[in-house]
Each structure stands twice: as C-alpha cells, then as structure tokens.
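Below is one structure, written out as structure tokens, with a few remarks after it.
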Amino acid sequence: MSDGILPAEAESADALLLASDVTMRFGGVTAVSRLNLTLSKGSIAGIIGPNGAGKTTAFNVLSGFYTPQEGSVVFDGVNIRGKSPADICRLGMARTFQNIRLSGQMTVLENIMVGCHVRRRCPWWMAPLGFPAFYREEEEIRTKGQRLAERVHLAENLDDQAGSLPYGAQRRLEIARALATEPKLLLLDEPAAGMNPQESLELMHFIGHIRDEFDLTILLIEHDMKVVMGVCQYIWVMEYGALIAQGEPDDIRRNPDVIRAYLGEEASPGSVL
Amino acid sequence: MRLDRNTFLSIAVMALFGLMLVQAETFLGDYQIYIVKLIFINAILALSLNLIYGFTGMFSLGHAGFIAIGAYVSALCILSPEQKEMMWILEPIIWPFSTLFTPFWVSVLAGGAVAALCALVIALPVLRLGDDYLGIATLGFAEIIRVVIVNATPVTNGSLGIKGIPGHATLLSCYGWTLFTLIVLARLVFSNFGNVLRCIRDNEIAARVMGINVFCYKVLSFCLGAFFAGIGGALLGTHLSTIDPKMFNFLLTFNVLMFVVAGGLGSLTGSLLGAAIITVLLEWLRAIEEPMNLGFVELPGIPGMRMVVFSLVLLGIILYRREGIMGTRELTWKSLGTLFGRGKQ
Amino acid sequence: MSLDIFLQHFFNALTLGSLYALIAIGYTMVYGILRLINFAHGDILMVGAYFVFFGTFAFGWPWGVSALLAVAGASVLGIVVEKAAYRPLRDAPRISALISAIAVSFFIESLAVVVFTGQPRPVLQPEWLVSEWQLGGVRILPLTAFVPAMTMALVVILLYIVYHTKPGLAMRAISKDIETTRLLGVKVDNIIALTFGIGSALAAASGIMWALRYPQVHPYMGIMPGLKAFIAAVFGGIGSIQGAVIGGVTLGFVEIMTVAFMPDLSGYRDAFAFVLLVLVLLFKPTGLLGESMEEKI
C-alpha cells in the first residue's frame, strides 16, 4: 500500500467486491495482512505473487472458508464476513480450486448438474412423490448442464468419468460447474496451471469470452505471466501476505518492488515480466 | 414421470415378479418362503445403509440401532393390549404403549418414523465428524439404544424381549415394502439430488462451494436411511415373531455392511444382489455347522464355523475386489444387453 | 459412604482405568501412525487371555511363564494381522482398511468360538492376589493394587522406548509424515510392524489382568473393553500415549464412581463411555492432548 492510489475508488459505488483491511492469522502466522481489494463490475483482475504469498488464503477468505480476524468483505452490497461458502455461493460467487476438486467417479454432465443445484426451486421430497414440476426442472437442469458442457468444449465427453479427463479438460469442467451456479463473480485459482502454451492462450480467450457471455466479473490467481498480463485489466501483487503493488499490467511490469519480489534483489528490471 | 419404454419394462417385470410371488406358495416350501422374505427384508436394510454410506459417504455403524427401534416400535403397535399385558411380567407396560393397537402398515411406517426421529437427534451432534470417528460415534449410539432397550422394561419388556409378534409380513407385503424402498431411493438418487449426495461423498469442499448446505443434506440422507432401516426392522420383527435386545448387536450392522460392500457401494441394484447372495450364502453356510453324513463317514458339525467363513468372505472382498459386485454401476436394461436406456429414471 | 467402601471403589476404578489405559495405548499408537482404528485390537486382548488360560489351566505352567508366552503370542498375532489385512490396503481409502479391520475382528472372534467354544471359562486366580489385605481397618484386594502398579511399569518402559530409542524416534517420525520418513531411509514397514507388536503385547497384558480381575475368559470378552478403550484414546487425544493413559483412567473412574454414587444407573453403565465420547467430540474433537488435523483447502 505504498503508492496510495486506491483503484477505482471513485467507482466504488459499482464495486462488486470490496475487501477492506482483511487480516487472516493461523496461530502465530499472518497469512494475509491488511488486504484491500476493490473489484468493479465486469472487470477481469488478477492477484499474483510468489508461492506462499497468501493468494489462495485470500481466496479462501473471500469464498467463506475462513473468517478473517480483522477487516470486512462486502460482496454485491452484502457483508459476507462469517457467512458460509454455501451462502456466499447463493449470493453469486463461484470459484475453482488450485488442486482441481471434481467428483472423479461422476460423469462430466453430473458434475455440472451439481453446480445447477443451488438455483433449483423444487424441494427434495418432490422426487419420490413424482411431481411433474420436479421432472420438468430435472429436464431443465440437464439441458442447462449440456449447454454449459458444450460451452467449455466437453459436449463429446458428457458421459465420461470426470476423473478420466485430461488435465486441461478437468479445469474447463470445473469452470463449467462454477458457471452452473449462475455467479456474478468468478474466482479462478490458477486456471492455467499445468497447461501448455497453446492451451494457456486458448484459456485467455476463453476467460474473456465467458466474461462477456455470462456477464461476469472475474478475479484470478495465476503464475503464468502471459495469461495474467494478457487478460487482466488490473493486478494486485502480494508478498508475505501483504499487497506490495497494484495497478494496470503495464505499471506492474515496470514496478521495481514486483521485480524484486519475483526475481530477487539483484535482478535487472524488465528481464522476465 | 415419463412412461418411456424403460420404465414400462421395469414396471412389467416388477408386476410379473409380484404375480409369481402370489403363486409362490404352490411351488415353494415353507423354508424357501422364509428365505425369500428374509432376502426382501435384508434388501431394504442394505438399500438404506447404501444411501447413508454408499451414496453420501457417511460411514455409519449404527444401523442395528435403527433396525431395533423399527422392530420395537412396530411390535408395540401391532400386539393387542391383552397380549402385551400378559407378556410384560417383570414390570407392567405403561400407557400409552399398553393401549396402542394399529394396523400393520401403520406400525411399519411408525417404526420407520421413530427411527428417523432418533436419527435426527443423533445426527445433530455426530454428523459433523468425519469418516472413522463417525463410525465409532454411531456405533456408540447403537450401543446406547440397545442399553436403553434392555433397561426400559416398562416399555420394551427389557431383556426378555417381545414374543409372539403376529406374522403380518407375508411374502407379498415384504415385496411391496422392498419395492417402495427401491422406488423412493431410486427416484431420489437418480435425480440431481443423487448427484448432490455423491458430490458430498467425493468432495465435500467442492459441494460447499457449489452452494450446497452439506450438513443439511447429510442429515437428510442419514434420517432417510434410518427411516428405511426402521421399516426393515419392523418387517424383521414380524418375520421372526420374536425380538430381544441381543439380536440388535454389532453383528447385525456388520451383516448389513457386508450386503452393501459385497453389492457395491453406491449401486442400488448392487445392494439388491448383495443382499440376495449373502443371505443365501449365510443360510447355506448353516450346513457346515450341522453334522454331515457323507455316506461312509459322519462328520460332526462345527458350531461357529459359519461366521469364520463369512468374515473371511468379507475380508476377501475388501482385499481383492473392493468395489464389490457392481461397483458404482447399476444393473440396467442397457447393461443387460438390451436397447434400453439408463435404469429407472 | 464410608472410607472403607470409598477406597474399595477407588482401587476398583484405578484397576479398571489401568486396564483401559493399556488397551488405549495400542489404539492410539496405531491410529497415530496409520490413521486406522484397529478393530481387532480388543480381540487380541481376548486371545492373550485365552493363551494364559490354556497355559495355566490346561498345561499347568506357572503364571509368569504363561503370561510371558501369551504376551509374545499376542504380539505375533498383531503383526500377522497387520501384514495380512492392513498392509495391502495402505494406499486404499481409509474406510476400506477399517472394514478390513472389522472383518478381522469378526474372524478372530468366530475362530475363537470354533476353537475354544463359546462357553465362558473360569480362570484360576493366584492365591496371593485375591487374599485381602487389612490396612488399618481398610480392606484392599492385592489385585487392585497390582494391576495399576504393573500398568505404571509397562507405561514407563513404553515411554522410554518411544522417546529414547531409535525405533521410537522412527515411530514418532512416521506419525508426522510417513512418506518423508520413508525417504529418509527408515524401514517404515518394520516400524509399523513393531508398533503393532508393542500395541498387541500391551493389549495382551491388559487381557491377562482383565481375566484375573473378572475371572473368566470368553470369545467376546474383548469387544466392549476394546471399544471403550478406543473412546478413552479419543478422549485423551488420539496419537498421544500420555493422553491414552489419562483417558483410560478417567473412563475407569467415570464408570465405577457413577455407579457407586448412583446405583440406579448401573444398568446403563456400558453407555457412559459413548456419552463421554459424544461430549468430547462435540466440545474438543482433538481430545485433551491431541494435535489438530485440519484438511487443507
């Protein structure tokens, strides 16, 4: 927080996510320290930083797995500090995981259908009683799942076991499942991890497309600088749990603190980023 | 529900099987009928545990407790007040149980409902636990239920148990209750709710982030499983006509677990197959406990040998074929080599 | 309640608690290393008791010799069980190993029924353990002092092994991180076998003293003590030997003293442990001395 420029402070009225002074400690370790994020509607932003900088912890705080000791998180006008991940999802935030979390034994379609569940209207007891409305909704969910599978190029694999898919396809499936919850904000935890350059490039385009198509705001954690610089409009840089820089990709590329954090003191500016 | 070819075929087969059972007494002996009824009841028990463990992934070892509740509640409901007055010799039976007298089907549903209610009470503290802790805690609850049954003499007749329960559980009614269980569970687990339960089983964290109230669904699945376990218990009581607390020990849970594991965790048809095969196997194994006459030499029976073989079978399954007969697959018209789609959807 | 009676209850509780503690140690050691509830543990206790029964009663060996042989036999059995039923499932889902453990438990019990018959058999108690001492008007059964003393000695030896020897160091290392320990060149399988051996030996020691205290043996004698001892281990904090001892003794006192002060509840005695378990898991799931194990997201 050295430079003091709060991004989009003027537009904080249309901010979808507003985290202020979020601090998360585990025992004696401060994993996230006084984190401030303002994410405006419709934007694509990224959090970068070296391993162990607290990026995933920040995601876990935002999505409700951890309750921060200090600070507040306001999502779409609602204070979500202390709310459960399920409630936060219902409010319209979805996420993916760094280590993909799919039900490996279930099929692609079934995995996506699980994502549709949060928006369903018919309660469970309608199923055994055989209400027509229930079966109509089942059909809707199935169609929606198929459509999303097509959207992430998995239409051919609807009945394949999720665990048998190649890595990149599993990542896309996880995104499709997240989209099935009809989110306003999508958190992507290292979406390009384990992808080859070609796949990463496709992913960049894909992220841009789904933002437009589903009217999303996207926040992502990424190590692949090409992806981050290529797709994000705004970037926060974390190190040791704290923000050390923020700004548009071009500023970040030239920021000496960022270069030091990534490459060590002696590195020359601009060599890699 | 759409009546497609599949469903139609399933209904036809079920009806045909029912018709066959109506005529069963003409070609089956008493002992065979006894076994077939036991298979139906065991199938209900297996299906109910499969919902809890196979589909939702909650390792519950408390099934015997729910079965006991179902059996006792239904026995109290269908015994006539006079019978109860005569049987409770240690301490007289207390009101309202002394005057309770209901038709058979009400008693079975009551058994299931009370079991589900108890499950709800148990679920609130223990379902927050994971895997093996949950196993021990539920085992503990089953044990507590048994201890309470032994001690609550004015209601349960204590360690004497209840005798002479009218044998309302005919072949056809056992079949009917099995179908009821199967259809309710199939409609549930083949809908998107089934996907939700399986997601909770495979990856609870993912389920939470998908907006699923995991605890709520665990409680639901647990109570529903307990409900059908109670129904199974109620039928078991009238089938055997005698119940006592010793029957509902851990061995009973173990048997049900065996059906489920042998049939395949997360497969309804697997549970049916598992229950049928293991029940027949268990009966068949009685032979080795009885003296055997091979014509030239008389082999003495070995008491207890049945359980030795039985536990070795389970050990063999878990070591060499962990997924059981069906794995998580279902026996469908399609997999039977015909043109029909997936199961009874 | 007179002092006399109270002291008798006190020593009874201490005896029962010591027996639970010895069994609980085996559970806690195995769980600490493999995250497995060794369901067969209680049955190993039973086998140990039967060995002594046959040593003294059928073969007429002296008590000490039979006890030593029984402990040795039981630890061999424990190692065999681990090798046959748990090792092949080490990479399988945890519940598979647990089902395997349940199957082994039933196998040992039913085999015992076949071999020893289901009839309970009386155990001969040595005269010197059951002739009452008079200490200033207070009568004490020597047995109720012998069992806690013996337990104390065994626990001291065990703590020495775990904290001051190389295999003990390896055990503690495995319980932290089995893969890293393997990479460091420790023969993990041998250390796990050793853990099962030690745990089973302690269970057998407990079984022998159990048979002395409640002088009979039968094939199902290990089930309840086994379950309750596991609960004691959870109460003390699973993975901690000291915790297992504290948990075992606490459970012994809860059972004996509740019944002593509220005789009406004696019928519910077997339920106390499970109520205790639920309370512990609700309020402090890691037990008194346990370390927390949270899933990483």
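Note that the chains take the letters A, B and C in the order they are written out, and that residue 1 is the start of every chain.
Definition applied: a contact is a pair of C-beta atoms (placed from the backbone, for glycine too) under 8 Å apart; a residue touches a chain by one contact, two chains touch by 3 or more.
Note that this is a predicted model, so its numbers are computed, not measured.
Taking the mean of all protein Cα atoms as the centre, the chain whose own Cα mean lies nearest is B. Of all chains, the one whose CA centroid is most distant from that of subunit A is C. For the pair subunit A and subunit B, the distance between C-alpha centroids works out to 44 Å. Separation between the centroids of subunit B and subunit C, computed from CA atoms only, is 33 Å. In whole angstrom, the spacing between the mean C-alpha positions of subunit A and subunit C is 49.
Multi-chain contact residues, meaning those touching two or more other chains, occur in subunit B at positions 205.
With touch defined as above, residues shared between interfaces to two or more other chains in subunit A number as follows: 65, 97. Among all residues of subunit C, those that touch two or more other chains are 297. By the touch criterion stated above, subunit A contacts subunit B in their complex at residues 63, 65, 84-87, 89-90, 94-95, 97, 101-106, 110-111, 113-118, 120, 124, 127-128, 130, 134-135, 138, 141, 177, 181.
Subunit C contributes residues 35-37, 85, 88-89, 92, 94-96, 98-100, 102-104, 106-107, 109-111, 113-114, 117-118, 223, 227, 230-231, 234, 267-268, 270-271, 273-275, 277-278, 281-282, 285, 295, 297 to its touches with subunit B in the complex. Contacts from subunit B toward subunit A in the complex involve residues 1-2, 183-184, 187-188, 191-193, 195-196, 198-199, 201-203, 205-214, 220, 266, 328.
Here subunit B touches subunit C in the complex through residues 59, 125-126, 129, 131-133, 135-137, 139-141, 143-144, 147-148, 150-151, 205, 250-251, 254, 257, 261, 302-308, 310-312, 314-315, 318-319, 322, going by the rule given at the top.
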